[in-house]
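Every chain is named by a letter (A, B, C and D) in the order it is written, and numbering of its residues begins at 1.
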Amino acid sequence: MYWTGLSPDEARQYLANKDKSKKDKRMTLKAAVEKFVNDGDNIGIGGFVNARQPIAIVHEIIRQGRKDLILSFQSAGLAPEYLAGAMAIDPDHLSIKRMELAYFAHEAFGISPLLRYLTENSLVELEDWSNYNMSARFKAASIGLPFIPCRSPLGSDMLQTNRAKVITCPFTERPIMLLPASHPNVALIHVQEADIYGNCRIQGPLYTCPEIAMAAANIIVTCDRLIEYDEMTRYPNRISLPYFAVDAVIEVPFGSYPGNCNGIHYFDEQHIQEFRGLCEKARKGDKAGLKEYYDKYIFGVKNTTEFVNQLPLSQIQHVQKIEPGIRLDAGFTVLE
Amino acid sequence: MKKEYAKNFTPQEMIVVAGSRTLPDKKVVFAGTGLPMVAITLAQLTHGPGIVPVFEAGAVGPELSRGLPLSVGDSRTTYKANYLLGLNSAFELTQRGYCDFGFIGGAEIDPYGNLNSTMMGTFPDGYQKPKVRLPGSGGASDMACSCEQTIIIMVHEPRRFNEKISYVTSPGFLDGSPNARQKAGLVGKGPYRVITTKAILGFDEETSRMKLLATLPGETPKSVQDATGFELIIPSDVIEFEPPTEEEIRLIREQIDPKGYFVAKKIKE
Amino acid sequence: MYWTGLSPDEARQYLANKDKSKKDKRMTLKAAVEKFVNDGDNIGIGGFVNARQPIAIVHEIIRQGRKDLILSFQSAGLAPEYLAGAMAIDPDHLSIKRMELAYFAHEAFGISPLLRYLTENSLVELEDWSNYNMSARFKAASIGLPFIPCRSPLGSDMLQTNRAKVITCPFTERPIMLLPASHPNVALIHVQEADIYGNCRIQGPLYTCPEIAMAAANIIVTCDRLIEYDEMTRYPNRISLPYFAVDAVIEVPFGSYPGNCNGIHYFDEQHIQEFRGLCEKARKGDKAGLKEYYDKYIFGVKNTTEFVNQLPLSQIQHVQKIEPGIRLDAGFTVLE
Amino acid sequence: MKKEYAKNFTPQEMIVVAGSRTLPDKKVVFAGTGLPMVAITLAQLTHGPGIVPVFEAGAVGPELSRGLPLSVGDSRTTYKANYLLGLNSAFELTQRGYCDFGFIGGAEIDPYGNLNSTMMGTFPDGYQKPKVRLPGSGGASDMACSCEQTIIIMVHEPRRFNEKISYVTSPGFLDGSPNARQKAGLVGKGPYRVITTKAILGFDEETSRMKLLATLPGETPKSVQDATGFELIIPSDVIEFEPPTEEEIRLIREQIDPKGYFVAKKIKE
């Protein structure tokens, strides 16, 4: 048995030694990525397909460049596509070594061109799981267990190449699968609201964000809005991630743009299609357009504010207007 | 009111109508992405207002009245949901037995209802360098394993219906041997229907092999068999599926997917 | 291996065959207990020690009488004490056969007299677990797993008499415990707010209520207040138990009295002490006072309204005034 | 400000003060019911405002400013909590490694810090008919297993300190052999301190046996050993514990537990 990221014993020890006190965890996204994302890391990616993915963090990782990354996620779209695009453009600046995944595509917006590019050219190592498998692997890790049982997908070919084990249940005498925990080195999570200590309030589907965060050794959180601690703790039943799980908190409005962020904005379908179209061209050999896109929107800007500033305001207003999720109404501090 | 049948419709529209009609009212249906979401919405608007949709990203029992979701995890799946946590909770409910039907698609299927949505090529040798890499399981394999029954949607082409598929992503009846699912440790009953662009299929109780139940408008048992890469069981009582009504097609085109996100998608020949 | 309540396969089958449609599930508590609580049943008890315990349901079970019950809970106080008291008074009317438990006492209000009575006279069969064990056993059952791993209490004497198994983890090669699922025949749950379909919104600690409910074959829910479905589903992230887990919903104000119900009322310490004092006397052989208590507050009344009507209003006002939990503010239907 | 020592205090008050002082600031402390809750509150009001309490019923990091909780699951544990789910989540956090200290009590202890809170009598033969049945583990055994370290509170009487206890509910160093906890599969480091009505005790690094660290006011190493049913390790550097201050006693009596729910409870002799 081999572990990617941390083994269960290493993950426990890392957390036991960690300072879990309540302190201000704000820093710049640049500093957070410098501190917590290293070459060779196993990276746990939050969100689901193109919803609430940690796009701002991924853009910053691309700006800084990292090598030999291992990506772990259930279903993802834009986040791994952006990373794969950076690798397609310049593998000496950023490279993905391995992916532990259930699904990498864009649902209504189409398949992932760069998943095909990376795999059909055998540029990455693959380990396939189901959505529940990856979610349960993060869950096992987040609750301090080396494995968790699961009934699916028993009988599938996934079991031939991934690290799950099938045993006879000692209680029922029937076969059952055991999934090894996944402890990423770092989790990348975008949420709607956080406070300065790291408490997070997620609205809409939680996806696997709490589990990925608590499974990882370190956690970077970006939020659309920093809210006051008193407002956060007024509704403790709504806190999705407790402060002591979090290492860095950065307020990044539109931090999951052009994806959907429940209660904040719907998909920017137009921008997703533009980006995906360039990825498809890159897959077929023409990387010029993709390179231009990265130069304009990622390498040519310092942060997410400068990225969205290049988009027409009407487009931003449109995706805010069509968002059907419940609007947020938390009190928040206005800082200049 | 006299039923008016639609005069023209696309294969995807037909599949949506067939999928919708296959869903009984008042059942809990775990919805895969794409056409299943369209079919569930159509069923809710016609004979099945009591259908309870479940989405893998976490939403249980929402009202699908805020536009067609473009993702099973997007905001449109959450309006007035009756439960809303995350992926673990959705699949845990399924494993427990709360989901009557799973409604999924796949790229390739075998006679026993096993589905491939992972890769085309040789397995396991070619796993790290597939001929064509597909998106992967997502939640489909979990639904196929643990929903009480599974409804499968497929484009009907010979290259997608194979005696042996490249990779078993979502288990059907496995090798078709008696109690194969039970012996593998699975809890759900397995595939109930396969709805294609040409037919409605079920499975033979004894052999667990795919069986033709109904032909869609314009198709015959022979045309269906010709488009299938393995031998189908064709009983004598195959029926002709009732064509889509004007109202069904109108709902799909005007109300459910007016922009054609899923229904207008060109089927690659 | 033996199972109490349902085996994992039986529990799955029972749920697969169940009507899970959204329908009005209101009925009288009397009818619900008649329908869903049978002699010999394994009963999962919600709440924690004396907080949000299903007292109204327990009183109704006592009124109706049931034999050979198996009680399953993590930490409980009043609910099993009331049942044990009924058994002490007349074991031909109500009897407990077995308890699968972690803790049975009253914390600040003292130990449980009748736990001592039942056990030291060997009137019940015991199976000891930890709080996490019982909670995790319900959790395993609620998510359709035959077992769940756990790291505690490895090395304890509990493992000599309960059904946990210690195996070598196939991933880490270290010992780990496997806890068998617990599927009660019926779960008894009191919540602050529910709608007519069974959706429940729990405020404050959830204890193990969602897990016990989803583990059981049938679930009776009492609530302090029935609220409108539209109000419930306005905040889907706050729904603690989805409607399809629930079989019967009964509005019973003060349904967990004299315990604490977060946001509704604090402990009625005086009444708890009165009852506990009578239990202590019964343990020592004098059952007259306890019998009088039951005749007055349980057998002599039809329901919880008549029970609390016998208490001084000032006492009710007091426990409402000193309740520090956040007050509820859901819209609800006023029906006459 | 000159420190004023309290002129009179009860054994329970002493235990609360000693418990409070043992807790470092800014650590996550999983609080058992009873005196541990009082001690944590005292620590928060004195040297440890940054202590983060965790309660097994679900509350993480609340402000303990709404009155002394009478239960680890009552409403007073939830005010301005930083997380609030249920028992599974509290113990899962602990198993993951989020809890620096577990703070528990017990009825009987052995030299290796193993605790009994289940039964007095013979085990396993007399398990179904105990001489005295105790309340049971509750969450204490989980805290003892999976918090990084454990602080134990005990009434110091010979009958409670035994070389062999009736039943091991909460594991300490088990049989005291090297790496016994690790070998059993446990993750936390085990007992850190035992705080009694007479002394502060720790554990010898080599033998894992209980070791006297400090005597409480009015006690000597001999009086402590006399009240202990097994032989203690008594090093030469045993210190005298600094007596409670006026302020500490005032806080306990006037602010934290004015009704004496836990502190005034008579210790059964």
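The rule is short, and it goes like this: a residue touches a chain if its C-beta (ideal position, glycine included) is under 8 Å from a C-beta of that chain, and two chains touch if they have at least 3 such contacts.
A quick note: this is a predicted structure, and the numbers were derived from the prediction, not measured.
Chemist: Identify the chains in contact with chain A as well as chain C, in label order.
Modeler: B, D
Chemist: Decide which interface, C-D or B-C, involves more C-beta pairs in contact, and give its chain pair.
Modeler: Answer to which pair has more contacts is C-D.
Chemist: Taking each chain's centre as the mean position of its Cα atoms, how many Å separate chain A from chain D?
Modeler: Chain centres of chain A and chain D, defined by C-alpha means, are spaced 41 Å apart.
Chemist: Provide the C-alpha centroid distance between chain A and chain B, rounded to the nearest whole angstrom.
Modeler: Taking the mean C-alpha position of each chain, the two centres sit 29 Å apart.
Chemist: Tell me, which residues of chain A touch at least two other chains?
Modeler: 144-145, 150-151, 169, 174, 176, 204, 234, 237
Chemist: I need the residues of chain D touching at least two other chains; which ones are they?
Modeler: If we look for residues of chain D contacting two or more partner chains, we find 59, 78, 84-85, 95, 146, 187.
Chemist: Based on the touch definition given at the start, go ahead and assign the chain network to line, ring, star, complete or other.
Modeler: Topology of touching chains reads as other, fitting no named class.
Chemist: If two chains touch, include that pair; go through all of them.
Modeler: Inter-chain contacts occur between A-B, A-C, A-D, B-C, C-D.
Chemist: Would you mind writing out the residues of chain C in touch with chain D in their complex?
Modeler: Residues of chain C touching chain D: 48-51, 74-75, 101-105, 107-109, 111-112, 115-116, 119-122, 125-126, 128-133, 135-136, 139, 150-158, 160-161, 166, 169, 174-177, 204-211, 260, 262-263, 266-267, 269, 322-325.
Chemist: For the complex, which residues does chain D have touching chain C?
Modeler: Residue list for chain D touching chain C: 33-34, 55-59, 66-67, 70-79, 84-88, 91, 95, 118-119, 123-124, 127-142, 144-146, 167-171, 174, 180-181, 183-187, 261-262.
Chemist: So in the complex, which bits of chain D are touching chain A?
Modeler: 26-28, 50, 52, 59-62, 78, 80-85, 92-98, 100, 146, 148, 187
Chemist: Touching residues of chain C toward chain A in the complex: what are they?
Modeler: 1, 7-9, 144-151, 163, 165, 167, 169-172, 174, 176, 178, 180-181, 202-204, 234-235, 237-238, 326
Chemist: Which residues of chain A touch chain D in their complex?
Modeler: Against chain D, chain A makes touches at 11-16, 19-22, 142-145, 197, 199, 214, 230, 232-234, 236-237, 239, 241-245.
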